[in-house]
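Letters A, B and C name the chains as they come in the text, with residue numbers starting at 1 for each one.
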Amino acid sequence: MGKRVVITGVPGVGKTTVIDGAREKLKEENIDYTSINFGTCMFEVACEQGKVKSRDEMRKLEQAEQKELQKTAAQLIAKIKENVIVDTHCTVSTPGGYLPGLPSWVLEELKPDIIILVETDEDQILKRRMSDTSRERDMEGYLSIKEHQEYNRAMAAAYSMLTGSTVRIIKNQDFLLERSVADMLDILR
Amino acid sequence: MGKRVVITGVPGVGKTTVIDGAREKLKEENIDYTSINFGTCMFEVACEQGKVKSRDEMRKLEQAEQKELQKTAAQLIAKIKENVIVDTHCTVSTPGGYLPGLPSWVLEELKPDIIILVETDEDQILKRRMSDTSRERDMEGYLSIKEHQEYNRAMAAAYSMLTGSTVRIIKNQDFLLERSVADMLDILR
Amino acid sequence: MGKRVVITGVPGVGKTTVIDGAREKLKEENIDYTSINFGTCMFEVACEQGKVKSRDEMRKLEQAEQKELQKTAAQLIAKIKENVIVDTHCTVSTPGGYLPGLPSWVLEELKPDIIILVETDEDQILKRRMSDTSRERDMEGYLSIKEHQEYNRAMAAAYSMLTGSTVRIIKNQDFLLERSVADMLDILR
């Protein structure tokens, strides 16, 4: 059985860069990780089941259906025997508040070994979000990003209590990408 | 099925004022919410079952009995088909430590959609508590109120992990009641 | 049925001093507490089952076996009818991240009444760790100890949500041992 690693981070934290950097180095060491985006996996399940045709339709599904899709996606990922990185959100900031990315019914199927929180300074996240014009994002302030990152730690602790997984905080500082890639490598190796 | 909203906040945070303000506005929009105090609901169940005659007797009940009352109260509230606001504590500060207001056996019955944390500056809570002579309260200091509010966020994350509910933090600043009422309206509408 | 008290604290926080101080005073009041170290209890179970011969071998056991040992140890402690203090870690800082000391399957057996977090200033922990040459410890910095103590609070909240136990934070300041012993006594009496 391979390692099952969940990786999370607020938008703009540079999660993808860290994952890509680590996977590249791992390839040189002949260590393979399948990388799965949890949201994409849910969407593909929904398409196959004929429930939606576009990602926009996902949000309009009823709560019970969303829950079922989350469960099925988690079961699919849990069947993978190789090392796997699950790219998802610890919590999503919605108008109704912070929504857990891995509620109990997902965790009970997914049973992650490690949950990684990629974090960085709120100021740097702000700058990255402001310079990223490719995505449309609701602009959050410094304090609100700080609140979100802190809340994610509390949520990760709850995930860990239920599953027994470890929780690792990786700091992705500007100009220090190599450092966070190295931290990530330590975990994935 | 209506929305099931749990609203919490440390004593002196102005929770009732925010609830009342929001419900008044909602009435003008023909949106109804039944407001239930969880402690009162438990007390009524205990009275009906002939277990207590006064609220003081509630604290003297055995742990197993208290647990049973919590469960029954949660089941009763869960049966309500309309929109409902459940007024309770995220955690209660007791001599033995922070007691969870919604332990797992309550959450599994109640299944809230949204948990709201009403927060405000510790200084303002102190001032409100000092000027409120109607209730007898153990005086807590600034740091201890801060610790309690921070701990409540962690607890809310755990509640959310189990139930999948969102957690919304509403800041109830002095002289900014209208702002927190507006935040509350956004959620309840 | 006696009280079941879990006591935790990061290495160097002075947990043992507080426990010993409190138990001594309690003896004068004829209140008895059995003190059990969770790790030692697990090790004894593993020895009896012929799984290991030394503590070093414990870490090399497979995850499923470790889980089984944790469960058995928790069941043994839960059978004790007298007052018991369980000395353990809220979370352990490992290379893979923070590992929960009391994951859900342990809590469901152990059902603690109270979880105590002994905390102190990060600076004092640093000084104690540096002057303690008897144990070999990986040296952590100020911020990393702070992160660990904060994370432990979030984890304790998750433990409390599942079990309904209270969580009490005791500050063990230098030169104020009597104060933290007194706090501890209030809880254990």
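To be clear about the criterion, a residue touches a chain if its C-beta (ideal position, glycine included) is under 8 Å from a C-beta of that chain, and two chains touch if they have at least 3 such contacts.
For clarity, every value in this text was computed on a predicted model and none was experimentally measured.
If you sketch which chains touch which, every chain touches every other chain without exception. Residue numbering at the chain B/chain C interface overlaps only partly, since under half of the positions present are found in both copies. When chain A is laid over chain B using CA atoms, the rotation angle comes to 120 degrees (nearest 5). Mean C-alpha positions place chain B and chain C at a centre distance of 31 Å.
Among the residues of chain A, those touching two or more other chains are numbered 154, 157-158, 161-162.
Across the complex, chain B is touched by residues 113-116, 153-154, 156-158, 160-164, 166-169, 186-187 of chain C.
Across the complex, chain B meets chain C through its residues 67, 91, 94-100, 102-105, 107, 147, 150-151, 154-155, 157-159, 161-162.
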